[in-house]
Structures are given as structure tokens and as C-alpha cells.
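These are the structures, in C-alpha cells.
There are two complexes below, and they share chain A, which is joined by chain B in the first and by chain C in the second.
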Partner chain A sequence: MGEGARAVWAIAAKDLAIEWRTKTAFVSALAFAVLVLAVLYFARDPTAVASLDVAPGALWVTFSFAAMLGLNRAFLLEQENRALDGVLLSGVPRPAVFLGKMLANLVFVGAVELVSVPLFILFYDVPLWHRVPELLGVTAMATLSFVAVGTLLSAMAVRTRFAELMLPLLLLPFLVPPVVGAVQVTARILAQRPLSEVAGWLKLLAAFDIVFLFLAIFLFEATLEE
Partner chain B sequence: MTSRDRAWLLARRGSVVTAVALLGLVAVYVRALFFTPIERFQGPAQKIFYIHAPSAWVALLSFAVTGLLSVLYLWLKDRRLDLGAAASAEIGVAFSVVMLTTGPLWGKPIWGTWWTWDARLTSTLFIFLLFVGYLVLRGALSDPEVRARYSAVLGILAIPLVIFIHVTVYLFRTLHPDPVVLKPEAPSLPGEMLVTLLFSLAVFTLLYAGFLTQRYALAVLRELEDQEAADAVS
Partner chain C sequence: MSAAGADFAPVGDRRPLIAAEGVWRFFGGRAVLRDVTLVAGAGEVVLLLGPNGAGKTTLLRVLAGLLRPSRGKVERRGRVGMVAHHSMLYDALTAEENLRFFARLRGVEPERAGELLARVGLEPRARQRVASFSRGMVQRLAIGCALLGDPEILLLDEPLSGLDEVSVGTLLELLRESRGRGRAVLVASHQFAELVEVVTSVAYLGGGRLLAWEPRGERGGAAIWDRYREVLSGG
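Our next item is the complex of A and B:
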């Protein structure tokens, strides 16, 4: 393992260890995800709209809202006692700091998603068990870009006066392309159609991931103190 | 000449440009209403196009200028670039509002609907929302140096995002065509209408230049005041 990769892992492991000891954020994000899934199930006219029709949208609204809760926490931890200064003083290259924070966020959001998917299948009664790998694949693709942008924006949002409101305001526009793409792909998966039908959407998701991952790594430097 | 005098001079020049542009705007109204033929199918409703399209153009222009100045700021770290980006964003909000209100006014009689999730409409709506986010972010940061860096980051991220949103919605609609045929106004315009449109575009661009100069000079002056106040305290 290279020097950089070790640094990335050390930072991610630090954040995950903090989370593992309390589990407060994880438990609340998960409870929140279950609540959103349940509320959205009832947010329709059952005689007119089948639960299957709202299922892809419900899943992605749940994921993005739950992720936003987790993202806010990432840099809040570093605010206390100016912990981020300590991390930066350790001489770890800045892109590695970003990738470490992002990796921890990915694990956090990914864990919430992993637990929500079976609940979603149960709640919405979608015949999906054998297509879970594909669903997880598209989930990973859509999650990567919004966690990358979200990590970057949360580094800025924590320094503002109303951080909890600032992150959703800044991040939600960035959710449009990945969420639209993911909902389209999820709908095809639920309709038992092959993924080849949504090749265009998968390409869009991949392009979005690449562009915003690189931009986020590159711009992270500018969010830190000189 | 002190920097304060220079800023005042710039503000005065900006107000001259704005005054000329406002006179031009009156001329645009007169020409559009009285000296441009009424469109055969759309009737008088089409006249709003001479305000709507130039506003959209200025909104897009200010968005691009904010993005460009953001890139340059992170590169050169010159405070003036940041003030320019912010000034452009504020004007962008104003013209986005004009664009987003004149659009539905025209859409209701012509399309039969106030709003539709077409690629252009959606991406311009998000340009407006990103501008608002940009200005809210600026307002929530008190340190000018941090504010400049953070807003530059957002300004840069917004450019590829809007392109992606445009492509996304385009793809969304081609997969699920809308039953209502909604086509933007005809690209080929008869001569007299084209002249009115081009004239209006020029006037709106001049208006943008005037506003930008004035707003920028104001930001410089405010900054000088803040500095003086800080110096007086210390």
C-alpha cells in the first residue's frame, strides 16, 4: 500500500472509528431513512397510483435525504477543537485528506443504503431479490458523485452561519443528474428489463462521477485555510 | 488619484452606460410594440419574446462570467475578480427573474401551460437556484477571503452541473416524450422581427455592462469603507 493510500485509509478509519463508538449518526440516519420510506408510501392515492410506480422515486429521495444527514456530520467533527488543523499539520497531502473524508462518508452512506434496500423491497413489495446486485451497482454509481460533491460542500458549509440549511441548499442541485439517472435505471430494473435499455443513463452517471470526483479533489484545496 | 476616486469614477461611467441602455430599452419597447409586425400565429403574445430572450441571454452571460471569474480567482487570487463574480451573479439573479416570469406569461397562451420541464426551462431554473445559493453562501460568510474562495468553488462547480442538468433533462424527455408538442419559438425569424430582437439583445447586453460596472464599483467602495473602519478601530 502506497504512502498516499495509507494516509487516505488512516483518515477514513479515524472518522469511522468515531462513528463506530457512538453510532448516533448511523442509527439516526437509518431511522430517518425508514421514516421517509414509510411516509412516502402513504404520500399517494392508493386507488390511482400503485406502490411500484412511486417505488424508484421513493428509494432515491430516501437515499439522498439520508445521505445529506451523514454528510453534514463529516466536517462538523473536525470543527471541534480545530481538529482539521491537526490533520493538515500532519503533512498528509490535501487530496488524501479529501479522499479519506470522502471514503468515510461513502462507507457511512453505503451502509445506510445497504440496510434500506431490503427494507424497501419489503415495504414496497417489489419483486427484486434476484436483481439486487444490479440495484447495488447503480446505487454505487449515483452515490459516488453526490458523496464527492457533498463532502466538498460540507467542508464549506460547516464554516457558514446556518450550516444545516446551507448544505441542502447547495447540494440539492447537484443531486438532479444522478438522482434522475438512478431513478430511471431503478425503474427499468423494477420492470424486469435488461440494463442494456438504459445504457445512456449509465454512461451519464459514469460521466457525472468522473467529472465531479476530479473537480471535488481539485477544488478541495481551496476550502482549506492557507 | 486614490483608489476611492477611481472607484467613484468607475461608478459614474457605469451609470452613464446604464442610462444609455435604459434609453435603449425604451426604444426597444417602442419598436417591438409599434414598429414590428404582429406574429401571425401567436398574436401580440409573441412580443414578450423581445424581452424574454434577451433576459435569458444576459442571465446565461452573467452565469458564464461568474464561472469564468471564479476560475480566474482561484488561479490569480485577485480580490477584484471575486467582487466581479459576485456583481455578475447578482445581476444574473435579477435577469433570471425577468426570464422566469416573462416565460410563463408567454407560455400560458401559446403552449397552454405556465411551465414545462423542458431541458432549457429546467437548466435555466437551476441556474437561478444556483445563483441564489451562491449569494446565500456569500451572505453567510463574514471573512472576505474565505468568502471569495468558497464562492469561487461553487461558481466553478456550477458550470459543468448546468451542462449535466441540460443533458439529463434532454435524455429524460427523449425517453418519455410529452404528449403535448412543445416547440420553442421558430428559429427562422422574418427580417423586421430579427432586427428588433438583435437590437434588444444589444440593449440588454449594454444594460448588463452598465449594471456590472456600477455594482462592481459599489463593491470596491464598500470594501474600502470596511477597511477604513477596521483601521480606525485598530
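Our next item is the complex of A and C:
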């Protein structure tokens, strides 16, 4: 394993070990997911609105806002005792630090999504099992988008006085394109429609992934400057 | 001896392992370091003295590469180990996990963690979380962490803070060893009386400037204290 890859893995494993031990962000994200799914379910009048019409939006509101709780914690962890200074002193390449943090965030958000999906099926009774690969694909694409941007913005926000308030403010505008795209694609998947109907949204999601992943890696170093 | 340090070669002509040349550092338009030039070669232990706000911590952070100089340049020839005001450790991890994590990042065998824990007297506490440690234990672990990978350059900011007499003795022994093995050490401390015997030169900082930089010679703690007051009062 190369030096950079070893560092990426070590940083991600460390973050996940800390989260596994404390479970603070995961429990908060899960509680939030249950709450949102339940509130949106009970707010709907089933005689007026079909569950399929609400389900994609409910799913992505849940995923994206629950993820934010984990993203917020990513760099707060490093601020404690200025542990990030120790990481930087180790001579680890800056992009490896970013990728390590992002990998841990992806696993965290993936775990929240994995636990939220059965609840989503329970509440909305949607035919999900027929098109699992497509749903996994769009989830992976949208999650990568907002985790890449979220990890970068979390590194920026943590240096501000109101870090936990700043991240949602900074991240929300960037969440719009991937979340709207993911809702559109998910709606077609749940309605058993062909993906060709949303080819444009899929291209947008792919472009967002590529552009923001590289941009985030490139800009990360600037967020470390005091 | 000039503060600029151009004519200063504390240990012969040995190539410096770390050098700051004409370093300035601004924070929001305020100069915290002003034209500081300082070098440390193999086997040198430079004591940084100065009142609060003199720029010692900022200088050490610039030397470590954690801050960029606004002007001037810093050169390092080797890896850096640092003990800072903050422990740079993760409270939720155990002592051993912290050392193993930083060992992995530095490409050091994780087994070295056990040796260093024994060295700083924390082996019996290896599996305890840092959150449960006292201030002195955290400091000892931070010192162990700074020594991971046997770095050529050691930067120590108030390393005696919170240490008991036994731990101070261990630190002095480590510093003596580092000096003997050709490491360059810069140490900022207000408790310099304990450190004096291992120090090779003393740099006096005030208002972000290097006011004087002299070999320690035969001076003891009291003589350095007198000189410190003299330098600060413009002598």
C-alpha cells in the first residue's frame, strides 16, 4: 500500500473507530431520520396524495439532512486538542487527509442510509426490491456529491465561531442540484419508469460528482490555512 | 552576539537541520513575528525565552510548517516531532491507539508505540482512553507521540507543563539523548531552570522580534534569568 493510501485508510479507520465507540453522530442521525420519515408520513392525506408521489422527496430529505449531522462532526473531532495539527505534522499529503475524512463520511452516511431504507419501506410501502441496483446507483452518485462538498465545507466551517450552524448554511445551496437530481431519478425508479427519461439528471449527477470531488481535493489545503 | 544571527554558529559549521530566515507572520494585519532569523543544527538545543505574546508559539508553529510565514522562509532538513500547547491527541482513543494511529501516518512500525509508552511511563495505562488521563499523563503521551519515528527536529512548546519530578527527569534524559544523537531541538519554556543543563543556546524573543541569541556557555538558570530581564529591558 502506498504512503497516501495508507494514510487515507488510517484516517478513515480512526474516524470510524471513534464514531463506533461514541455513536453520538450515528444515533442523532438515525433519530432524525425516523422523525422525518414519520412526520412526512403522518402529514400526508392518503386519500389525496399517493405515497409514491411523496416517497422520493421524503427519502432524500431524510438522507441529506441526516448526513449533515455526521458531516458536522467530521472536523469537530479534529478541532478537539488540535489533533489535526498532529496529522499534518506527520507529513501526510493534504489530499490524503481529505480523502480519509471523506471516506469515513461516506461510510457513515452509507450506514445511516442503510438503516433508514427499511423504515422508509415500512412507512411508504413502495416497490423497492425490483430495482435495487438502479436505486443503489443513484444513491451512491448523490451521496458522493454531497459528501465531497460537505467534507470540504465542514473543514471550512469548523474554523468559524458557529461551526455547527455554518455548515448547513454553506452546504444547502450545494445540496440542491444533487438532491433534486436524486429525487427525479428515484421517482422514476419507484414508478417503474425507464431511466432514459431522466438521462439528463443522471448526467448532471455524474458531472457534479466529478467536478466537486476534484474541486474539493484541490481546495482542501486552503481550508487548513490559519 | 547579533540578534540577526548571521555571525552565529553555535556548534561549529554543522549544517542546520532547521532554519528560519527573515520570518514575518501577520494575523489580521498585526505582526506577531518580525524578521526572525534562527537556526538549529545537529546536537543543538535552543531555548526560546520571552514573555507571553512574544511570539514563541507562533514561531514554533511556523518552524513546524503548521503556519506559513507571511514573509521570509523556513527550511527543514528532516522530520519534525512537536509538543504543543494542545496535546494533538484524540480523547476518545486509548493511549496505545493514539500512538499506533500516528505511527501508521508516519510510516513507523506500530510496535514502536509500545516502546514509547514504556519510555514515558504509560505502559500500564496503554488501554485507557486519553479522556481519562490527568494533564501530566496527557503531556507524557504527547511527548511520546512527538518522538515517534525518531524525528531529526524536535519542537517543544512548554513541554514541562503538568509534569511531575519523575517525568521532568525522563524528559531531560530524552533531550540529552536527542542532543547526543544529533537531533535539533527548539524548546520554549518558562520553567527553564530545569532545562538549563541540556540547553546549548538561548534565544530571547520580545514583541515578535528576536532580541538576542547567545550560546548558553556556563550560565545557569539564575544567570539566564538575569540576562533575560536585561535583554527585555533593552540591555
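Odds and ends about this structure:
Convention: the second predicted complex is superposed on the first by the 224 of 226 C-alpha atoms of A that agree within 3 Å, B and C clash if a C-alpha of one lies under 4 Å from a C-alpha of the other, contacts with A are read in each partner's own complex, and residues count from 1 in each chain.
Just so we're on the same page, a contact is a pair of C-beta atoms (placed from the backbone, for glycine too) under 8 Å apart; a residue touches a chain by one contact, two chains touch by 3 or more.
Just so we're clear, the structure is a prediction, and the values are computed from it rather than from any experiment.
Once the two complexes are overlaid on the shared chain, A:L170 sits against chain B while remaining clear of chain C. By the document's definition of touching, neither partner reaches A:V27: not chain B, not chain C. In the superposed model, A:V149 lies in contact with chain B only, and not with chain C. Of the two partner chains placed around the shared chain by superposition, neither chain B nor chain C is touched by A:A191.
Once the two complexes are overlaid on the shared chain, A:V39 sits clear of chain B and of chain C alike. In the superposition on chain A, A:R159 makes contact with chain B only, not with chain C. Of the two partner chains, neither chain B nor chain C is touched by A:A50. Once chain A of one complex is fitted onto chain A of the other, the partner contacts of A:A5 are absent, as it touches neither chain B nor chain C. Chain C contributes residues 27, 64-68, 79-82, 84, 86-93, 97, 101-102, 104-107, 145 to its touches with chain A in the complex.
Put simply, chain A touches chain C in their complex at residues 3, 6-7, 10-11, 14, 17-18, 21-22, 77, 80-83, 85-92, 225-226. Residues 149, 152-153, 156, 159-162, 166, 169-170, 173-174, 176-177, 180-181, 184, 200-201, 204, 207-208, 211-212, 215, 219, 222-223 of chain A are the ones that touch chain B when the two sit in their complex. Interface residues of chain B, counted against chain A in their complex, comprise 74, 126, 129-130, 133, 136-137, 140-141, 146, 149-150, 152-154, 156-158, 160-161, 164-165, 167-169, 171-172, 175.
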